[in-house]
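Structures follow.
Shared between the two complexes below is chain A, which pairs with chain B and chain C, respectively.
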Partner chain A sequence: MSAGKALAFHSYKGGTGKTTIATNLAAFYAKIGMRVCLLDCDLYAPSLTTYFRKTPESYINNLLAGEAEISDILVDVSSELGLNGKLLLGFSSPRKVDIHEIEIRHDMKWQLAALRRFLAAKKELFSEYKLDYVFFDTSPGIRYWSVNCIAAADFLFLTMRASDMDIEGTKKMIKEVYESLTKFGSKCFVILNKVPGASPIKKFQEKANERVLLEKDIEKSIGIKVTGSIPCFCDVQFNKHEFLSAINQPKHRFSKNLRDIANKINGMNQRFQVDEE
Partner chain B sequence: MLLNLGALSWFFVFNNYMEETFTALTPNATDWGSHIGNSLFYGSIIFWSIAISFIGERINRRKLLFTSIILGILTTILLGLLEGTFFITIISVLMGTSLGLGLPSSMALVADYTIVENRGRISGIILLGTFIVASVSMGICGILELDILGLILLLSVLRSISIFALVMEKFDRPPSIGKKIRLHLYDYKDFFVYLCTFLLFSIASGLAWSLIPDNYEPQVAFGNTLRFVLMAVFGAVAGVMADRFGRKQPIIIGLAALGIGFLLGLGFNLSGESVILYLTLSGITWGSFFVVFLAVPGDLSFPSSREKFYAFIYIFPLFGQFLISIIPVDALLRILHPEVISQILGVFLFLAIYPVLRAKETLTESKIQERKMKEYVERVGKVIQETEEEK
Partner chain C sequence: MKVVDVFPGSRRLVKGVIPSSSLLLIGPSGVGKTIFCKQFLYNGLITGEPCIYVTTNESPEEIQKSMKTFGFDVEPYKNKKLLRVVDGCSWKLGRGSSSEYSIESQQNYLTAISIKIKQARQNLKNIRLILDSISELTALSNPESVLNFLQILTARIRLEGGKAICTVASGAHDEHFMNLLRLIFDGILEMKIDDSGKEIKRLLRIFSLKGVKHRTTWTPFEITDKGIIVKRETELRCVLCSKLIDWEPITQVIDGKKYPFDTVECLNTYKKFKSIYGSNFE
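So, the complex of A and B:
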């Protein structure tokens, strides 16, 4: 089996930039020749169908219900995007009725059965598709499918802003969810997004050590290592259709920051693999 | 827990044998035991409970509890040493006073030491302990055929349980007590809705006794012990339910059990077995109700108003007992045909449902959801562990 890893991107609140970071990181890895799969696990508010403008035949919802195999739901966008590696996408259904089913109709028993199917699919992704990374773009907060993704991930990235609300909420989640689930071997890190300091006005721009201090401060406050931080870039943040900036605008500072994070993740992965061996 | 266990188990056991105790200790006054002694005992509990709920805030809680327990132990012991109408009159008042002084604070402590998520279970554990101790005590009385002195010795031991709580804890008032919180009528509204249910239920439950003729005394004695056992068990079950599904669920189940009890036990074909069946089912109801009414005042009150809320909850059934002891309600009701009483009971039971429907669920949906997710996280952990082991 490939030594690939599952990465989940989660947050306490919505709007922290999970999807932007997950899609760009996935595309970046695929661009540099790695084999990657990105699954839209935000079953309560799916966004990848809009982001990639795709309408697949089968969704993750069908996989979870036992109506489809993992191979049925994957869409390969590698050649379309001119990537050197592989980027497979798994979408969740944006249809109201499907969201309603996941959210309200299904009970705990069903969710656990669906989790088992999801774990089997993850196993298959690594063994059959020889993937380096599987990305779970999760829903925010503590809900069935954010919990499931956190549990299924090898690396969990908490995407958060450096606001009090996010910090307090993240602390609560660490206590209530992460501590229970990370004891099974997954590793937890923070990615700070939309941090101040990307202003076009020079005097508002960050100084060299300001972000390092912020990262240290957050690490101290919530007790989890910060993998990296990305400033708030208005042209990325408020773009009507931000689309894979990391590969389409490689010179942008956002892309540079993202590449740093990608390299850190790769480095961490290799280090952990050596440790495991 | 010990504080409430000592006070409540003492009360329930004493309440069960009060009439015969007072009658035995006042041989010259035949009506004294069954009427005046009871009414003085209940009356003083009610009076002091109301008084303490208003002024208790200004009194050192530890000293108040200490006084209540010591007075309780001493008066129970004195019951064995003195006899005659004069002494027993004073002792019955002092016994009631001891309970009235301590009960609102003891119950308020349950709320002070718990949070909304575990208040039901803690209340359930208190009732489990209380009714196990009470039923074992009643069992001992029955099996060993204890005389009055034996009973008084047993009651003194029960009342002394509370003293251990004072040795173990300081029982200071929570710091927020310093901040005077003014309650408006609206704040009491939700509480009064719950109170209405309890009131209607108390009336229905009280009326049901008049359907049981005196010749079923052995069955009532046995059924009462069984009832206490079921109150213990269902108190604990209802506590778990109250924290899991909300406070209203145990009330609804309790009312349904009482309805079935009325129908199968007292509704038709009254027999020894049906009386026992009714008492058994009423044990389920009382267990469920007690837990909820130990948890709900804590959910709805502020530390400064807790004693008032708790005092109001338990004085209603006590007031019913007080009325029964001064007015011959049983005799009046027996003028009516049992079927009429049955129908009146049915109406009260039916009416009791309405306030439950209107009542605010004090265990909020978000808390229920939070608990559900905690449970789910644990289950997910197990699934992951199984998957890891398969690897």
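So, the complex of A and C:
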């Protein structure tokens, strides 16, 4: 089996479903027995503390400031979610004062020291916790800590919608940031999310192969391989527990599409494939 | 979820995961073998591994007291029966033992120890075991029987996925016995004292350890009030993650300057950040 990999989930704009996909993938992998850590690296607009209803003693913010070790910030939710593997979570602080602090700390010396602590923590996650994957759920756009996370990752998953704005914005980001990273070993892919066609109204339902053709179209337009696409499901998107749909509703089409993406990612890392339930 | 060494200094001296194995710890009297073993045991307890302490020269009470002086409070684990002491010492003091796995007398000593270890192992998996010391066993039983006993013990430990450390005093046995002893174990740890300078130096090395890459150089260590601390010989840090580099650094010349990195991954990540931030990233 290959060594553990760091996966960053990024997007040009917010609202593409990046956190939903990252969290569901992490939970799914842990459900099937893998060892995963999910870090809420959206330091500017964290959401996972609210979703999981956790108030940890230390946050990623404390780790970056040198006030905490990686072992201090991790919360193990494996047994409470009934997972066969391991899911460790690291949260960013939702407090206004902490978000403000990370925004205004422009001193390069502090930022570089914080970055080094982050990179050392990532190393420790693989060497000491024997993880299969570490997920970075990042902030959208080209923000300092988004760029740091995507640079620190082995695989980059750009989530986007098939809208003109997303396509053009993503193309710009790929040129300005991603190209320099892929030169040094990062592998970059697109996940198309909220694709129209899952409507219960027949005339709005996707035709056979429509999504496949859309994926090829986007690949051609952006120049990056599309790993998979997920239709837009209101019942998932607006569900109170959207972040854990993959384990709470395994038979839902959303979960099936997610499983396909999970298998493709595992295939990239020569890990086992999971059959449909 | 604090990560701890398997034995003091293991993360610095061993590259990778230490397999199920029995290790022979050789060293002169007073060098720190017993505290090394106690720390190995305590590190197992705090990471959820059940432990068996086979003692021939300290009573269970003395063990518990001395461990506490280093901050290793084993009382909770003893109460939950995660720490079980096979007491081969109290009979010598002419008094009863607080352990339910105690030897009554010198008679059939090795057989009695084997039986008590078997009883202590009941319902436990992946145990850590220490035997302190082999030298005491040879004082009460013939060397051949001791070697047979150890052969069975180490095989059992390996089969059941456990780890064990057995101590022996250097200089207390003939070369023939020591050579046969070395053959039984999966790894050999050695300790020595260097008193050639102004201050006494304590040194540790892994002479051999099957199945995993490890350092073989003598490494200094100290006995502190928190137990044994194994020191570093060099203080070379990775330019990217600032981690102290335990093994051979990966060096690369970038923009005319030579930089050390801990891993190839660190080097590639550094290049990525350099490509984004340019000279600001130093």
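One rule holds for everything that comes next: the second predicted complex is superposed on the first by the 264 of 277 C-alpha atoms of A that agree within 3 Å, B and C clash if a C-alpha of one lies under 4 Å from a C-alpha of the other, contacts with A are read in each partner's own complex, and residues count from 1 in each chain.
Everything below uses one rule, namely that a contact is a pair of C-beta atoms (placed from the backbone, for glycine too) under 8 Å apart; a residue touches a chain by one contact, two chains touch by 3 or more.
All of these numbers come straight from a predicted model, not from anything done at the bench.
Chain B and chain C, once both complexes are superposed via chain A, clash. Of the two partner chains placed around the shared chain by superposition, chain B and chain C are both touched by A:F184. Once chain A of one complex is fitted onto chain A of the other, the partner contacts of A:V147 extend to both chain B and chain C.
When both complexes are overlaid on chain A, the residue A:D76 reaches chain C alone and has no touch with chain B. Between chain B and chain C, it is C that contacts the larger number of residues in chain A. Of the two partner chains placed around the shared chain by superposition, neither chain B nor chain C is touched by A:K216. Within the superposed three-chain model, A:K54 lies out of touch with both chain B and chain C [touch as defined at top]. By the touch criterion defined above, A:K172 lies against neither chain B nor chain C after alignment on the C-alpha atoms of chain A. Of the two partner chains, both chain B and chain C are touched by A:L112. After superposition on chain A, the chain C segment that clashes with chain B is 272-280; the remaining candidates among 38-46, 128-136, 164-172 or 272-280 show no clashing C-alpha atoms. Applying the stated touch rule to the two superposed structures, the overlap between the chain B and chain C interfaces on chain A comprises residues 108, 112, 115-116, 119, 147-148, 151-152, 177, 180-181, 183-185.
Those residues of chain A that touch chain C in the complex are listed here as 71, 74, 76, 108, 112, 115-117, 119-120, 123-124, 128-129, 147-148, 151-152, 177, 180-181, 183-186.
Only residues 108, 111-112, 115-116, 119, 142-144, 147-148, 151-152, 176-177, 180-181, 183-185 of chain A touch chain B when the two sit together in their complex. Partner chain A is touched in their complex by these residues of chain C: 1-3, 240-243, 262-263, 266, 268-269, 271-273, 275-276, 280-282. Those residues of chain B that touch chain A in the shared complex are 372-381, 383-385, 387-388.
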